[in-house]
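Presented sequentially are two complexes of subunit A, the first with subunit B as partner and the second with subunit C.
Our next item is the complex of A and B:
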């Protein structure tokens, strides 16, 4: 376990110094800061709009950060030959991969934590509604699981596709898994749909990670959704995420073990 | 004495759609414990690929190899060896000590005093360096922190890939001295290089590799045996010297005089006596040592 932790720590150290990520983070925080101004333009309930915007900004920038952080992680290690020094030590390849993944997730937690703090302060200080601000943290928790899942997909793919391809592939999977999942799922459950189409929809919705289930708290995207048992829902979503992450990492480890670096 | 490295017909073939590229071809290497071994060859000869196979970073396509008596792929060997890649690069936000702590933790080593000693040993311990991060290090300093991390686990065998490439002469010298000190401590050092003058000064034995094939291997002193002696004589007429007996040598008529070029160990006295007897005046007697460079060019060209 010691090598895994050491590698994770070094990965965090690098990630929080990467300029691209810091720029994305900076832009996100800037947008969060000006978000209250956008609410004024809207005729709808001001706070609903603001909540929607804030969650949207955090989600989108977290996703961009998660993908940018992970797709270059292994290729960079090879290109700079840092991986060779590490693998010449008593470190197994799976330890390296897991260390890298945990480091990425920890870096994500730091950056998302910063955005969370900013948005809670925003609701508390400017809207005088601390309760609302604090309640957002639940949504951020769900986002964090979602982003950890996204990072595991990117790491898994990075063991066999080039970084730029991976960037669009993971991005695409995220979009389809977020926006299209409900569509495939309902198609699959529709008794009147053609069998072949249902089959396809079943395959897509069972293979694709269901990113959509982590978005329910956004009132702009899901205005109607009400959850009967929020705790059960959250537990389910977390377990599903962890399970999926495990599958991704196992595939990643198997691929990485055979990879010629 | 046991062999530190032994390979038999070690081969690496990279397969691609269009063709198979054999970059290391049936390599038979033998490195003794406690020696500095030079692995020489031009760029692209297959040196780095060989080292990666020996470190089990990549898998050999065929053949076998043993590191410190253990078969390639044995995980425990990694505790006894070290590696500094060519043009090494370390996490650039870390200081020298942080680098050592990081690599130390991969072994479960956390002895900071040991790390300070290593920094001292490679000349990175003084106050003006302690706060520098790797991105403020010169190339020579990066190579030195590389050697320091390579010593963390007190290794029996070190692999140094092109340790002096791209360094200035002073940095060369420092790295060379460090490598020599490794031998004094009984470690085996495997150095790959395309810079011969470096290797010539420190290696006990060498192998020369070209296009993945070993073209010469052995003790440096043996490989470089067979130097020549040149004797330059003035005031000797063409008609007079052409019938002189000089064994395996050659005689050249140069503007500076007549040049007798004979193998090392020839009877130089007899030639000088003979030339003087015919009225010649000996200007110089110069031993020409065979240089590694000659051997290298010879070996690479013959292929």
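Our next item is the complex of A and C:
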């Protein structure tokens, strides 16, 4: 386990020194800071708009960070040949991959944590509503699982796909896994939808990662919405995420093991 | 092997433990609706699902406001639809949108395009489904039935009863349910509710020990006033006496009043009608509904359309190949005469079909109180020498005026054999007005107390 932790630590240090990630983070925090001004643009209640916007910014920036962070992780090691010095030591390839993944997730947690702190302060200091700010943490928790899942997809693909292709591929999977589920749901709820379409939707939704499961912002933006079994739902969603992450990592390990570096 | 087991595991958890709950609690798609059928473009869809729904919906609604100011009503419709889909909890948009769709599409003479009514009702229904915790959309939908559609009072009552169950309903709006019961002929329920509301208002007023809330007193007084008036009306119209099995011969509603209806429709030009007729009733509150529609208009009922049956979904395109014109004919000196020009609005009156029907309809439940004093709540106080003008099956449990005249497309457009002839359709009892007739001021006949006619 030690090599895994050592690689993870090194990955975190590397991640927080990468300029591109810091720039994305800076832009996200800047947008969060100006978010209260956007309320006046809308006819809707200011806090409703602010909540929706803040959650949207955190989610979108986290997704960009997660993809950018992980797609270059393994290829860079190969390109810079640093992987040889690591693998020449008593470190298994799977340990290297897991260490890299855990490091990426930890770096992601730090960056998302920073954005969460900014948004809580924003609600507390400017809106005088600490409770609202703190309530957003449950959404950030779900976003974190979502981004960890996204990172696992990216790192799995990075074992056999070029970084640029991986960037768009992971982005595409995230888009389908987020937006596509609304379409699948639409098929299911529409009594006139063809059975074949429903069957296809079922198959695709069973294979693709369901990122939409972690979009739980609706009751936070509209507190009057009634939610049934939120705890059970959260447990199931986390369990689902862990299963999928494990699948991605196992596939990644198998591919990385066969890869010639 | 392990990966395969995990794969099956994630599929089971995803499809059994996550997706159904997500679909129920967090999905942007509502039960029975399809995002695909919502006609959103790809970019709109992306916005809808990408996490900035409320902000974009709010900005779009501000944009719609500028279209209202410039009178560009057509441009507002898609925005309303989009905003309600992006942010289904923005009640103002549902309420304003419903009103806009129901009222603002008019012809050159300000007659509403009623082909939009099902969409207005559907939008109200959707707004209520999306916001079941507040009374607002239930009330607004009820109001549309009551005020705009007018004579489907059971629907208005149904929605107002739902609004009444909500805790946040305003006191003055609570009172409207009693009025609606009366309009719906449920006089017993109306009086019962007035008494209940009166008790509640009295209690609330007493609880306000500092006597600071003047509106509580006003509300109590209003309820008392309405209660008194209804009791007097019930008494004068013989309601109590009938219930007690007493004589029902000496009231304003009995013997029934002969309304003396007759009508004649002349096509004076292409799509221009001149409607004349007689109606032996006071001017104020005596507007007779005149409808011109396709003979096979879907879900047509006597004097109207079953709009509820058509209100399945919000469709921004009304049936463009159908014609439905509705006008209120104002009565003066026991006669009515109106020129209806439909030639300037070809999209609203396309007249594609071959056969049409012109209907005349008067529902005593929609009449003002002083007319109802004669006709009663259920039309028991009205009759016509030409009995075919009266209908007891047009609306359940009541008697209404109803007459219909068939007319063809060729007649309306003055084509074929009608190129050189003037098409005229009329009721069997229509008598031409004396050419020497001189218009005199209306004779006002105020209903008296029992036996003092």
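Note that in this section the second predicted complex is superposed on the first by the 239 of 261 C-alpha atoms of A that agree within 3 Å, B and C clash if a C-alpha of one lies under 4 Å from a C-alpha of the other, contacts with A are read in each partner's own complex, and residues count from 1 in each chain.
In this section, a contact is a pair of C-beta atoms (placed from the backbone, for glycine too) under 8 Å apart; a residue touches a chain by one contact, two chains touch by 3 or more.
The structure presented is a predicted model; accordingly, all values stated were derived computationally and were not measured.
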item	value
Subunit B versus subunit C as contact partner of A:33, first or second or both or neither	neither
Touched partner set for A:2, first subunit B, second subunit C, both or neither	first
Which of subunit B and subunit C A:81 touches, first, second, both or neither	first
First, second, both or neither for A:10, with subunit B first and subunit C second	first
Contacts of A:216 with subunit B and subunit C, given as first, second, both or neither	second
Subunit B versus subunit C as contact partner of A:247, first or second or both or neither	second
Subunit B versus subunit C as contact partner of A:106, first or second or both or neither	neither
In the superposition, subunit B vs subunit C on subunit A residues touched	C
Which of subunit B and subunit C A:121 touches, first, second, both or neither	neither
Partner chain in contact with A:186 - subunit B first, subunit C second, else both or neither	second
Of subunit A, residues touching subunit B in the complex	2-3, 5-7, 9-10, 13-14, 17, 80-82, 84-92, 260-261
Footprint of subunit C on subunit A - complex, ascending	38, 41-44, 48-49, 51-53, 55-56, 59-60, 178-179, 181-183, 185-193, 202, 205-207, 210, 212-213, 215-219, 221-222, 224-230, 232-233, 236-237, 239-240, 243-244, 246-247, 250-251, 254
Subunit A-touching residues of subunit B, taken from the complex the two chains share	14, 52, 55, 57-59, 75-76, 78-79, 81-91, 93-94, 102-103, 105-108, 146, 149, 153, 159
Complex contact set, residues of subunit C against subunit A	2-3, 6-7, 9-11, 13-15, 17-19, 21-37, 45-46, 49-55, 57-59, 61-62, 65, 87, 89-90, 92, 131, 133-134
